[in-house]
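Chain IDs A, B, C and D follow the sequence of writing; residue 1 opens each chain.
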Amino acid sequence: MDTFGRNYRVSVFGESHGGAIGVVVDGVPAGIVLSEQDFMTDIDRRRSGAKGTTPRREPDVPEVLSGIYEGHTTGAPLAVIFRNRNTRSRDYSLFREVPRPGHADFVAGVKWHGFNDPRGGGHFSGRLTLPLVAAGTVAKKILSLLAGSFEVKAELLEIGGISSDVPDVREKWDRLLDETAEDGDSLGGIVGCTVDGLPVGLGEPFFCSVESLISQAVFSIPGVRGIEFGDGFNAARMKGSQHNDVFVSRDGKCATNGAGGINGGITNGNPIAFRVAFKPTSSISRVQNTLDFRKGELAGLEVPGRHDVCFALRTPVVVEAAASIALADLALSSMSSGYIQTAVI
Amino acid sequence: MDTFGRNYRVSVFGESHGGAIGVVVDGVPAGIVLSEQDFMTDIDRRRSGAKGTTPRREPDVPEVLSGIYEGHTTGAPLAVIFRNRNTRSRDYSLFREVPRPGHADFVAGVKWHGFNDPRGGGHFSGRLTLPLVAAGTVAKKILSLLAGSFEVKAELLEIGGISSDVPDVREKWDRLLDETAEDGDSLGGIVGCTVDGLPVGLGEPFFCSVESLISQAVFSIPGVRGIEFGDGFNAARMKGSQHNDVFVSRDGKCATNGAGGINGGITNGNPIAFRVAFKPTSSISRVQNTLDFRKGELAGLEVPGRHDVCFALRTPVVVEAAASIALADLALSSMSSGYIQTAVI
Amino acid sequence: MDTFGRNYRVSVFGESHGGAIGVVVDGVPAGIVLSEQDFMTDIDRRRSGAKGTTPRREPDVPEVLSGIYEGHTTGAPLAVIFRNRNTRSRDYSLFREVPRPGHADFVAGVKWHGFNDPRGGGHFSGRLTLPLVAAGTVAKKILSLLAGSFEVKAELLEIGGISSDVPDVREKWDRLLDETAEDGDSLGGIVGCTVDGLPVGLGEPFFCSVESLISQAVFSIPGVRGIEFGDGFNAARMKGSQHNDVFVSRDGKCATNGAGGINGGITNGNPIAFRVAFKPTSSISRVQNTLDFRKGELAGLEVPGRHDVCFALRTPVVVEAAASIALADLALSSMSSGYIQTAVI
Amino acid sequence: MDTFGRNYRVSVFGESHGGAIGVVVDGVPAGIVLSEQDFMTDIDRRRSGAKGTTPRREPDVPEVLSGIYEGHTTGAPLAVIFRNRNTRSRDYSLFREVPRPGHADFVAGVKWHGFNDPRGGGHFSGRLTLPLVAAGTVAKKILSLLAGSFEVKAELLEIGGISSDVPDVREKWDRLLDETAEDGDSLGGIVGCTVDGLPVGLGEPFFCSVESLISQAVFSIPGVRGIEFGDGFNAARMKGSQHNDVFVSRDGKCATNGAGGINGGITNGNPIAFRVAFKPTSSISRVQNTLDFRKGELAGLEVPGRHDVCFALRTPVVVEAAASIALADLALSSMSSGYIQTAVI
């Protein structure tokens, strides 16, 4: 199922080389100032063009089909589509029988009995993160209205093992990207995300904890291999006396933030902090071994087409979107479980 | 919301020192051989008693209220409860004003406006993993019936930074547990989980990918700080040529398993493999600083009660349960999206 | 699936002669004054005992397992169970092969492959309306807190075709009940329900319209054959000029209420008004024809046991519960889609 | 929320005079033969043009954005949109202050704080039944594949109180439509629907009973006032001995069908039979009283525009769609709860 959320409901659809991809968001409160232009800042951050990204260029112009009237959201579902323009009518049928390593060619064929749209990865393409980003833009607007000081910020912490902390990191990353491209290979990376300004109390116990919903949304991004909050995997090597965060002020602020802003699945007033690991791009130019399912034997496969050397470069805004969608859902849900003695409907 | 799943729906309820905790599972297929005794193997694995675990002893006897008749599931919802027996009528009201570091005392009080049950952590207690384990037992049964060679196995990979790979690990762990207990401190750990024998094709694109649902369920376990699949965070430092898994046989088997058995969110026929990081126990015996919210200043707090030195010791079976619940839901959902040309209803 | 609702989530479980029946309600706001005693008013209205109702007597004492602490709801899920006491260990296996007309014996057997609990109708018993009533009691409390003048009232409008409008209706109904009981037969009835005091704006367009959710909940009550709102089926025979309700004051009040308090699926400030048709009790004392599935031929069947002559007598409080559950869900959902410019989380 | 279903998930969006209306269907099994042309038979039945229907003409050409590839469904979400062409840029702002009786003008304005799209009724327009019909076409295909003899058929049983059983009904209806149009008034009607060929066992107990889900879907159609199954409201006036259906063959066939093909919320092998009451069109040409909210006093309102004299004429195919959507969801859900001993995934 391609639907997420209880009160902020996001349904993503589309295939990489089909007519259009898009998103329907049900549950957008009425009266939010919103125009097609508002989507462009985030869309531009996701766009290819920089070193290490694919040469495929798409205009990525959002077309709002419903849910906006006279510059405001109407309360009815918001539908936004993006036409696929720069598609190439190459023959993808080979990959049905000789699947690309690391891609969904094989599993999609089995799952959907060979009827999956194979072109450009079909529904499993990273292109589908575009409607996710659009839904994220609206989620951020909602969170900003509900919590005035809300701010979400994701950025690359690592490419190919080189941390953003080292001096001259831009040059080092560029050189690595160039070398890897020349090798016909690809790189992974790590994205860090911080969410500031949310009140104490968002999140639900158990299956709708802040971590549960953020991770559910983040793992919908193709190529994610791991997520960790606060001290993350390091926490497993700490003592309780080291890891516990000491409250220092009545708004819940702590001296440290090893919990990543979350206790018991609920925001505690400190910044939500998490890191996401992205694998290296699966499509590489060099010849790779894979199984030729027709013959039942290994074969050398050259994957043609236009690839990102490191698609992680384009993901910070996607991670922001995933987190914002999860948090907008929790924020709207929180309103429905508000202090009933003072609630109004 | 304390509910998980679309076709295998799990609702958890209860508070640590209330009358009972329990679970309702809606969507259990009829005709599965099941008795109260069947729950005991998993329950015993979660039970305290070993070195490093809490001295609180609970009989943890499951009482099935509905959904079983003459030794088989009936098709109607399964309800299982566990009475809380070994509760101590201590006064927890202090923690409303002087919250324990690392606990949900503060956030639960804010979220629920002071009406949360504070005793033993209330609804946020690790005790609530017991009904999760019960729902996991049934999920495992379903998966075994649907996939004959299904097997799920979780085990401790690390305690306090000491890997299970080192020689004499038991002794080393025991010594570390003893020393840490003497220090009045606590330890974290890492659990690895492998799921074998599932067919290719489980999982849904985007928000219901295998990773999305397993991570959603796993982060409902108190104290989880991170999750990673296959090569995990290491994948971010690999080249595509290293990380891509080469298919070697028509059932999808690969030469390596860097993807953790999942491509595009869908099982690919290789073992699902993931690791979960657990924080050190929040409750420690030594005096800790925290904020006294009444005075607005730091105060030394001693947390009384019975604690696990390392609650991660008890979590492998809980991780298995979380994964099995997510996978049972996907397996049942997969039946509903089966090959329609040959389907029967 | 036995679960209803998005923000007020009700999960019903149990079988007529099993250990216990019950309900878990997830989404109850914290801080509502609630005790086990509070459930008794509604439970007593559903209780048998009056003329025309079954001689089976059950104490129907609610046991709250979780979600209440020191007299208030905690915010965590509320779990309430009712032990089945007055069960009779009769042999119901006959009905697997010689199904009772009008009952779920046949369909439950097919659906659940013969593993359904057949005793007293199992999960399909009218006894399962008891947890529904308990969830309704809490829903009414929520609605009263959110809308001070909220009031829901259901009552019998007809028994066996005799309207409550006729003089001496009590005597006429009693006489009809006696005569029908003597004949070994049963009666149906019509219940009318009115909901006052809700604000304008509850309900969602399309699938979560007020009518959609009330009817979904009402048709979960065993034996319902129809539902109509406002002018109902008569509306189909009216002209627009007759049926349209003319607004007469700024709070939405209308001169007539042909729409039953709902426009476009949304409450319009007038009383919600609907009627529900209940079939006559399926179990009757006289011998009935049914198919003997073993022989494939008709057979005379005598249905033993204790029956309501007219179970509709006991349903007004159940109808109130179903409507209140649907409306509480919509009211809490409405909070999550509130006016975002003034919202607080 | 504008989303329906668990395994066949339908999300409707759009506004009457916005860019486009449409539907996303998530859960369509892969491999179903489907083209844009396949939608036209049902769309043409809903189209205006006959006597008594609106003069607004829309091409109603479906554009499939995703989910079909090489003539078959792909397994990924199906998105279908319809451009709004024949819109008139009239000023609807008057209705914000002087709401049309029987319309959603008033409630939409309150619910969405004046930001609703008021043009042509916005999201509350009957035009939104067009995407419902499209989702219904696919649902019918699924049901035909799952149950070879599946057939759904809805037809008008009454217009303005004149039953389709009377001789010369076409002439009588035409005359009544002409007279009513001359009077500037409107008519309601009753639609009957029968579903044949489904197996025994579809439907879930309680909140997802066949009646619960069909009624939820049917009440999403604008203008529905009531629904009844089998003997419907008449059942309330029958004796049990009259109303009970006697099984006569092992496939569940009964001598009568007072239960409308459903016992305990589950299909029993007999045709599902229900009737739906539609109100007369709210928009009428003659001057009506309504409240002028600016002045707080009654005013005469003339509703301009193009109206159906009797929109019920166009609804049989919409009723079929609503029922088919509900039943497709239950049929796919039924696959997920199949007999697990013989199930394959």
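Please note the rule applied: a residue touches a chain if its C-beta (ideal position, glycine included) is under 8 Å from a C-beta of that chain, and two chains touch if they have at least 3 such contacts.
As the structure is a prediction and not an experimental result, all values here were calculated from the model.
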| item | value |
| --- | --- |
| Result of counting contacting C-beta pairs for A-D and B-D, higher pair | A-D |
| Angle, in degrees to the nearest 5, of the Cα rotation that carries chain C onto chain D | 180 |
| Mean-CA-position distance for chain D and chain C (Å) | 25 |
| Whole-Å separation of chain centres (CA-atom averages), chain B against chain D | 44 |
| Centre-to-centre distance between chain D and chain A (centres being mean Cα positions), rounded to whole Å | 37 |
| Where chain C touches two or more other chains, by residue | 1-3, 6, 12, 27, 30-31, 75-76, 108, 111, 113, 123, 201, 205, 333, 339 |
| In the complex with chain C, residue positions of chain A that touch it | 6-7, 27, 29-32, 75-76, 142, 145-147, 199, 201-202, 205, 331-341, 343-345 |
| Residues of chain D touching chain C in the complex | 1-4, 6, 10, 12, 99, 101-104, 106-108, 110-111, 113, 121, 123-124, 128, 158, 160-161, 180, 183, 185-190, 200-201, 203-209, 211-213, 215-217, 219-220, 222, 224-233, 235-250, 252, 258-260, 263-268, 277-284, 286, 288-291, 293, 296, 298, 312, 333-334, 339 |
| Complex contact set, residues of chain A against chain D | 1-3, 9, 11-15, 18-22, 24, 26-27, 30-31, 63-67, 69, 72-79, 81, 108, 111-117, 119, 122-123 |
